[in-house]
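My questions all concern the structure below.
Note that the chains take the letters A, B and C in the order they are written out, and that residue 1 is the start of every chain.
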Amino acid sequence: MNKGVNSMKKKRKIKKQIRALISHILIIGIGVFMMYPLLWMISSSFKDNTEIFQGEGFFPNVFRFSNYVEGWAGMSGITFTTFFANSFAIVILAIIGNLISCSLVAYAFAKIDFPLKKIWFAIMLATLMLPIHVRLIPQYIVFSKLNWLNTFIPLVLPKFFATEGFFVFLMTQYMRSLPRELDDAATVDGCGPFRTYIEIILPLSVPAIITTAIFTFIWTWNDFFSQMIYLNRIEKYTVSVALRMFVDSMGNSSWGALFAMSTLSLVPLMAMFIGFQNYLVDGITSGSVKG
Amino acid sequence: MKIIKKYVGILLAVVLISSLFSGCGGNSNENAEGSQDSTSNSDNTTSDDSQNTTDDSDQATDQVEIRFAWWGDTLRHEVYNAVCDEFEAENPDVKVIREPASWGDYWDKLATQTAGMSAPDVMGMHPQFVSDYAGRNSLADLEPYMDNGVIDTSNIPDTIVQDGRVGGTMVMVSQGVTFTNMIVNDDLMKEVGVEYPELDWTWSEYAEIGKEFADKAQEKGLDYIFSDDLSSYSNTFRYMVRSNGQDLYTADGEIGFDEQITTKWFQYWKDLRDYGGVIPDAATVTEINSLPLEQKPFTLGKIAVAIFPVNQLHLYQAQMGDANLVPHRNPTGDDGERGEYLEGAHIAVSAFIDDENKDAAARFVNFFVNSEDSLKHLKMEQGVPANEVLAEYIKPLLNESQQKAIQYVSETMPVAGTGVYAPVGASAVEAAYKDAFARVQFGTQTPEESAEQFVQEALAAIEDAKN
Amino acid sequence: MKELTRKQKQGIIGYLFLSPWLIGFFALTAIPMLASLYFSFSRYDMLTPPRFAGLDNYTKMASDPKFYKSLQVTFTYVGLSVPFVLVFALIVALILQKNRRAVGIYRAIYYLPSLFGGSVAVAILWKELFNKEGVVNQILGNFGVEGISWIATPSTAIYTLILLGIWQFGASMVVFLAALKQIPMTYYEAAMIDGAGKVRRLFYITLPLLTPMVFFNVVMQVISAFQSFTPAYIISNGTGAPLDSTLFYTLYLYLKAFGQFQMGYASALAWILLLIIGAVTGVLFITAKKWVFYE
């Protein structure tokens, strides 16, 4: 009898190991698929321009850093130091703006009842559905009349007014999933809505907040069209605008420099994501609902 | 924990409010190079305020700021910057704000800026788009400046000067003359063992040579193709049409070609396509059209004849080592009639700026086109300089392939005519052409059907734009 | 002074919290939206002021073959990429959520493609993979299969773009991860005590509690897929080639606006798109009542 049970246990163990092995292979396999293009780009950033497209191998024949040096020097005397600084400035302001405004507005939609709420919510969603190229010209004209062209204002100010419906929607959904009893408990304790917002809902919405911060960072960092339209002078250019200058369909393109700088521009994004990701992982379960 | 959160909230609010205020003027602090005022008062919208806006910036006396926008790659940005620097050195009362972009972005930006009444003072302009801008009065009339000598045209051949006249108004000045013509990889031709005439050939000869090439290459087991599929290029279509006595557009803005010739054109390329080995198949052609210079089959030595603006020859040569690249005329009609017309980038001035800026802009244009200090940097960047004296001046500064190009252009200029500028609505015609040749390439329509549809669409586009 | 009713108080407070959005909406969004609506009823080439033209743009649209083609391309893209993205995102999030060694690295790796966004580098890479001489064909060649140019053949080009969209599932995955983290362990513990196995826990606890975020992801993915622009723009070199097989709706809109100076028509296209997305989203919201579970 014991022998039977033992062999069953063994079988299950082996099955478990096989399954673990398969899923490991799967994950690694998919991981390679995910990474391959990036690896290609990084390896190309060390190659000479001609070698990138005409070369045979994946790895460069000679590792050269010249692309990085050349690329960093930027153009017209403005180096990537400036471009990175500009990008960071815009991104940080955008994050602050989004976090404050979107959470305030989401709290309203999620937890408070007020007249016409559904209509405003629908309109807010509708703003997401209008393609950007069409809003662009009228917005541009407005900012032009206000003399705010070639500044960061058109890129940052809207964020302080919850114009990114995506994050409002995200936070709304998230806050809605927090139980009503919390609010009620807080009210019983004598908290006004603002205190409830600050001391209870916000802390519990940290995952949504972190997600908002991460995505704001990434999307703003990568958003080149608005940045290109509003920033005229090269001193104000951001990384994503500068990167596009490396490729010109009518002439020569500096591929090596492009890949080198693209790789570098990914670094803050990755750092941001990895850094905050750990926060996500550790989780807020300690301060959470049922605790 | 709660107290911390409270203070964080207050802190955030403080940061928010203060950054709102600093946004109205202090954002330039973010720049490492911040010397400019962030409120861009230098944008020239209406006619009054360019005088007083320079107060808060760094300039001393009555310095005028003009904005110069151009398209190009990183090398060109360096070149143009050098030219701007030279100009500023010689004209300390003018400051040139540089606004470079790559070709695609440039036109999006220019359209947006023009819509928002904030176009740059001086801008690169191209025959492809000039009708849209000139036809809508966005470009300044430069004739007064030519008449009073601010823009010196004494050394520029009249045909080239008149080339800047669109719809009767002189709106732009040539940055350089070039042609989009064939370049033959002589080494490849020799390797396959095909003879070809120097400099000139007819369309029939071209097809014959192509077929001979395909046959011989196959015999020798060489994996080469003779030429690009030129039906993909509307300006080659234009060459062909011109070499048969027509043109894309007539002088009064109508379509200048007919269905018959379009059908002939598509049929010509269909025959070559069906023959095999002469031109690439449809999918490959689509790929090629989106490849960068370095990756094109011609650059990789797989195709013997390509077509591109001859001032780019040195770029290709740089990628192809010491391959012998020979500029060659586009095929002529069977009776020898030519299709060449002057091409090249131009430079224009915005119509929306006040007179002070216009004057400065005109001086800049003149410097750009007419001075040694400018040309020693520019050299052949956009083609052979319009100014004949300076064209001679730069010759010793050129490398071998640039010299080839300049020689080709000089030889061809006398036989080139002036192209009629497209009327408003040409961009829709371009789009219709792109669809038309693709349909034939992929075989979804016969040449006749495609030509018919194309001509209909082209006529509709021109009609539509008239309203 | 009469005391405000609770409801009125709520209303005022609600609007106070809503105020940033309200201000922003009226100042920064409503005006452009109304302007673009006006443009849609006019001829506007951006270089000269708009001229009123009534329903011209809309009637033109009804008989424009490219309009229908772009709709077809876009619906294909939405219909195929959204389900795949969500399924991948959910599965991978579930797998990664369990504490494993180096799970952080995997999370980052899977998210990496989304970081590329609309960069030029991605487009080059994708072309490198899928063109005639590309890596995919090289790999296929090892199995004796001769590949075609996936990216330049009309019948297959759109699928390379769908694949590109799926490759970027990381964004949805992050949202799911955040939500998964928030599900309290106590639920699982209680279930395990009751004897529920892995599968049951998945279907009776995890998925139901995830539904608000699933819904969120569905709506956002649909909206963003309808508006997808950059991949198609860069890979087809801004043309929708070959043969318009990659002519996304927004790409067509962009070409009309900036390429052919027909901003009026483009604005009309934009509003039609808004109506379409609105309708689809409306349907999603209505059906949501059936399956989304709020506590």
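Definition applied: a contact is a pair of C-beta atoms (placed from the backbone, for glycine too) under 8 Å apart; a residue touches a chain by one contact, two chains touch by 3 or more.
None of the values given here were measured: they were computed from a predicted structure.
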Chain at maximum distance from chain A, centres defined as averaged CA atoms: B
Chain pair, A-C or B-C, that carries the greater number of C-beta contacts: A-C
Distance between the centres, which are taken as Cα means, of chain C and chain B, whole angstrom: 35
Rounded Å distance between chain A and chain C, as computed from the means of their C-alpha atoms: 15
Interface hub residues of chain C, defined as touching at least two other chains: 46, 237, 258, 263
Interface hub residues of chain A, defined as touching at least two other chains: 100, 136-137, 141, 157, 160, 244, 246-247, 249, 255
Overlap residues in chain B, where contacts from two or more other chains coincide: 104, 108, 112, 115
Of all residues in chain A, those that touch chain C in their complex: 23, 27, 30-31, 33-35, 37-38, 40-41, 100-101, 104-105, 107-109, 112-115, 117, 120, 123-139, 141-142, 157-158, 160-163, 166, 168-170, 173-174, 176-180, 193, 197, 207-208, 210-211, 214-215, 218-219, 222, 224, 240, 243-244, 246-247, 249, 255, 258-259, 262, 266, 269-270, 273-274, 277-278, 280-281, 283-285, 288-290
Chain A-facing residues of chain C, complex: 7, 10-15, 17-18, 20-25, 27-29, 31-33, 35-36, 39, 46, 92, 95, 103-104, 106-122, 124-126, 128-129, 167, 171, 174-175, 177-179, 181-182, 184-186, 209, 212-213, 215-216, 219-220, 223, 226-227, 229, 237, 250, 253-254, 257-258, 263, 266-267, 270-271, 273-274, 277-278, 281, 294-295
Residue numbers on chain B that touch chain A, as the complex places them: 1-2, 5-6, 9, 12-13, 15-16, 19-20, 23-24, 27-28, 30-36, 38-41, 43, 45, 67, 71-78, 81, 97-105, 108-109, 112, 115-118, 120, 292-295, 300, 312, 315, 319
Chain C contact footprint on chain B (complex, rising order): 104, 107-108, 111-112, 114-115, 132-133, 136-138, 282-287, 289-291, 427-428, 431, 434-435, 438-439, 442, 444, 467
Residues of chain C defined as touching chain B within the complex: 43, 45-48, 127, 131-132, 148-149, 151-154, 235-239, 241-244, 255, 258-263
